[in-house]
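Each of the two complexes below includes chain A, the first together with chain B, the second together with chain C.
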Partner chain A sequence: MKKFINAVGDVEKEMIQGILKVYPDKIKAIDCDGVLIRKEKNENKVAVISGGGSGHEPSFGGYVGKGMLDAVIAGAVYTSPSADHIYEAIKSVATPKGVLMIPMNYTGDIMNFEMAAEMAEMEGIKTEMVVTNDDVAVDNSLYTVGRRGVAGTVFVHKIAGAMAETGASLEEVKAVAEKANANVRTMGVAINPSTIPAAGKPGFELLDDEMEVGIGIHGEPGVRKEKLKSANEIVDMLLEKILSDLDFSGSDVAIMVNGSGGTPLMELYIINNHVHDVLLSKGITIYKTFVGNYMTSIEQEGFSLTLFKLDEQLKNLLDAPTDTPAMKV
Partner chain B sequence: MNTKTILEILVKMHQKIEEEKDFLTELDNAIADGDHGINMAKGFAVVESKLSQLQEQSIGAVLKTVGMTLVSAVGGSAGPLYGTAFMKAGMVMADKSIMDMNDFLACMKAAVDGVMMRGRSVQGEKTMLDAMIPALNAMEKANSEDLPAKAVVEAGVKAARNGVEYTKTIPATKGRASYIGERSIGHQDPGATSFTYLLDVVAKAL
Partner chain C sequence: MKKFINAVGDVEKEMIQGILKVYPDKIKAIDCDGVLIRKEKNENKVAVISGGGSGHEPSFGGYVGKGMLDAVIAGAVYTSPSADHIYEAIKSVATPKGVLMIPMNYTGDIMNFEMAAEMAEMEGIKTEMVVTNDDVAVDNSLYTVGRRGVAGTVFVHKIAGAMAETGASLEEVKAVAEKANANVRTMGVAINPSTIPAAGKPGFELLDDEMEVGIGIHGEPGVRKEKLKSANEIVDMLLEKILSDLDFSGSDVAIMVNGSGGTPLMELYIINNHVHDVLLSKGITIYKTFVGNYMTSIEQEGFSLTLFKLDEQLKNLLDAPTDTPAMKV
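Then we have the complex of A and B:
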């Protein structure tokens, strides 16, 4: 394992300290490891929070600020934060309007967020939860835990944060977050794995001409292994799956070409180039394009493609002012 | 068993998890996110650091503290699941300072129910329940046959080990391993494995 780190056990803590030192005007820490909150508290809005394991930077610390998230809780790398840390975050940002929790659909995250909500309820804090599950690689059936939340989560956070900023009620913010989640689809691939610092070994192994298709964001293997293809062919494959999952025909969409952490921007632009061409040819209008590292898996070489179907309300909320370290509108 | 025995068992559980840390992580890496051994070791290290303050406490208080510590220190899935298991067991014991085999089985039953509730899971989904439920059934049976305590828990360990073997034959339908579906067949479940280690520690201590 080769990484720019100090002691393995200090990775998460030193990263949080480092983020704080870049944006002292926007975010602050509380007396609880892994929690970052907005510097200025607004009592007149619903607080929107999220969290998950570390290793997805800039998710989620990079999305704390005006127009997006009020608090995030980072666990150890790829590990859900614990319920008591989530509870501390809830307490520090809770307002009379309530708290909307938007974790991604992973067993550990859901259990810890639910336990934290139970603790908050005992303190009289009103919470609701919307769970993101945009990954079309995983079949959604009664016999699985359902689809994973992946990069499309960033759109859900953007929309919910913008809605909360208008002073909307908890029910209204929850409803629009659910609508955003229902209209967002993602699928990803990887050509090189990531290594959890504490594990010291990569999450999977691939030959030089192989790729993992239907990858998650935790360095776990994908749904299947395939021979590596050209960028255009991979884009075609991902789009086929995404477009067959939700009817995007004739609609306006925002797209996200998300890097997994180790993919050069050069390649993300090559991918984006073909995504635009294909969608145009299918009569789908691209309203806004996001290219970059929004939801990473440490140093994994891979990318995911997200399509977000927009109506007028979602367009307005997507365009609403946002001032966070990693998302500015 | 009294509080002192329970505290000694908890120290040995930490030792066992430390010894098997890399193996548990390897198992987890094969089908999910590769942090089970690391997280369990971290959690039990914090548990052990708290034991010296618990010597005068009831067994119920000790188990509840262990549960809350695991929830807090571990995170992930193992934190809330093992945390809930120990907390539920703690509620069964309440302020008792002596635990007999009937108490132990009542604790195990509460732990199984707690894990099923928290994880919204049942047997056959390639989780720790595939070791816990057969172990509980085997121990209840052995206890009804009036076997000595050590033999009762040993019967549980044997059933748990068979449960671990069984997890190799089925796909995961709960937890992160479910995302790779059929590809998880052939691999044993890390949670079922770590539970078996913990129960084995109890058997050896009796």
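Then we have the complex of A and C:
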């Protein structure tokens, strides 16, 4: 295992410290490992929170701030945060308007967010939950009942965070987060796996000419191995699956070409070039394009494509001001 | 070679097309391969330009826009752009106030920028040049007489671009760019090399427990191979070299923890954590921190540390509004 780390057991703690030292004006820690919250609290809005395992940076610490998230809870690498930590995060950011939790669909995460919400409700904190499940690659997986939440989650956080910023009610913020999740679809591939520091070896193995299709974000194998194809052929394959899952025809969409952590920007731009060509040829209008590392799997070399179907409300919320470490609008 | 590309000969062209499709509101192409310019021309400012080989994304296309660069010229991967292309870029963005060229110190780049400037001068365009050379690892290299320009170049572009935006004269913008370059120092390491698409094999080889120390940004080997150490030990080694090269004691500095393209953000934050601790213990005040992929070497796994010594003028220019794809202030 080749990594720039110190002791394996210190990875998560040192990473959190390293993030805090970059953005002392935007985010702060609370007295609970793995929890980062927004520096300034606004009592007049719904608090929006998320969390999951570490290893997906900049998700989710990079999205704490104005117009997105109020708190995030990071577990160990690829491991659910505990219900206790989620509960502490909820208490720290809760407002009279309530707390909307938007975790991704992984069984452990959901269970712990639900337990934390029950504990918070007993203290009179209103909570609601929207679970993201944008991955079209699988119907169920090793870690989920139902589809996995992957990179499209970032769009759901952006939309919910912008809506909360308007002073909307918990029910209104929840409704728009549900609409965003219903409108977003993602699928990914990888050509090199990631290694969990504590495991010391890769999550799967690939031959020199192979790729994993339908990859998740936790280092787990995808749906199938295939011979590596050209960037354009891979894009065609992913778009075919995404477009057959939801009718995007005639729609305005936002797209995300998301790198898995070890994929050079050069390749993400080459991929984006073809995504635009294909969508335009199908009469789909690209309203906004996001290319970069938004939801990673440590050093995995791979990418995912996300399509997000927009109406006027979603466009306005997508364009609303955002000031977080990893997303500024 | 495992990459998400199509034909090897199309990499640069498709990448440029892919960039343009993300930022149609900020950057545009001219009728000359590899040249990207700022969408809106401002005749009342010095134009600031740079360029070099492709493979360093987001450098430099990602820094075209308000407060940074007016044009960039990208050659093939790790290859100097031609004098003709640089000349076309100069003509496209030249204003009555003149053009400041800020390439990095590589022999081929400098020669071609100089030739282009001579051609432009014959048409009555005023040009000046500041060459960045922030790499403390080597005094001369395979590609340079004198030190190489590496990630610190991004700070020089930021400062010069901000100064140009104030309406300052060519001489004033040149002077502050020279001051920025004189105040910036960088050194890097890598644990996995990059592969030039047209070459098809890595620029150097490393054993499973080795790192390249003093790495450049063109896939070339570094100064020496060493056994891989802990992140903290590597940081200590790099800082020792940087701090012995320029007196930073008692200064305010900006720092950059720059990923080489394949390095996960997790590790960059762990590195940043220790950089802060060491600098604080030495009485050096960190004014601003940049952690991310600013100057890459395709998919190379590595990082560089940059220290940038600030005075009041440099602080103001560093904080000045910037609106480019890869840097927003």
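By our rule, the second predicted complex is superposed on the first by the 324 of 329 C-alpha atoms of A that agree within 3 Å, B and C clash if a C-alpha of one lies under 4 Å from a C-alpha of the other, contacts with A are read in each partner's own complex, and residues count from 1 in each chain.
In the analysis below, a contact is a pair of C-beta atoms (placed from the backbone, for glycine too) under 8 Å apart; a residue touches a chain by one contact, two chains touch by 3 or more.
Keep in mind that what you see is a predicted model, and the values were worked out from it rather than measured.
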item: Which of chain B and chain C A:166 touches, first, second, both or neither; value: neither
item: First (chain B), second (chain C), both or neither touched by A:251; value: neither
item: Which superposed partner A:198 touches (first chain B, second chain C, both, neither); value: first
item: Partner chain in contact with A:112 - chain B first, chain C second, else both or neither; value: first
item: Touched partner set for A:78, first chain B, second chain C, both or neither; value: first
item: Chain B versus chain C as contact partner of A:218, first or second or both or neither; value: first
item: Chain A residues touched - chain C or chain B, whichever exceeds; value: C
item: Partner chain(s) touched by A:316 [first = chain B, second = chain C, both, neither]; value: neither
item: Complex interface listing, chain C residues touching chain A; value: 2-6, 11, 14-19, 21-22, 54-55, 57-58, 62, 191-192, 194, 208, 228, 230-232, 234, 261-274, 276, 286, 289-291, 293, 296, 298-299, 301, 303, 328
item: Sites on chain B touched by chain A in the complex; value: 25, 29, 31-35, 38-39, 42, 68, 71-81, 118-119, 173-176, 178-181, 183
item: Of chain A, residues touching chain B in the complex; value: 53, 75-85, 106-108, 111-112, 115, 137-139, 143-145, 148, 196, 198-199, 201, 203, 216, 218-224
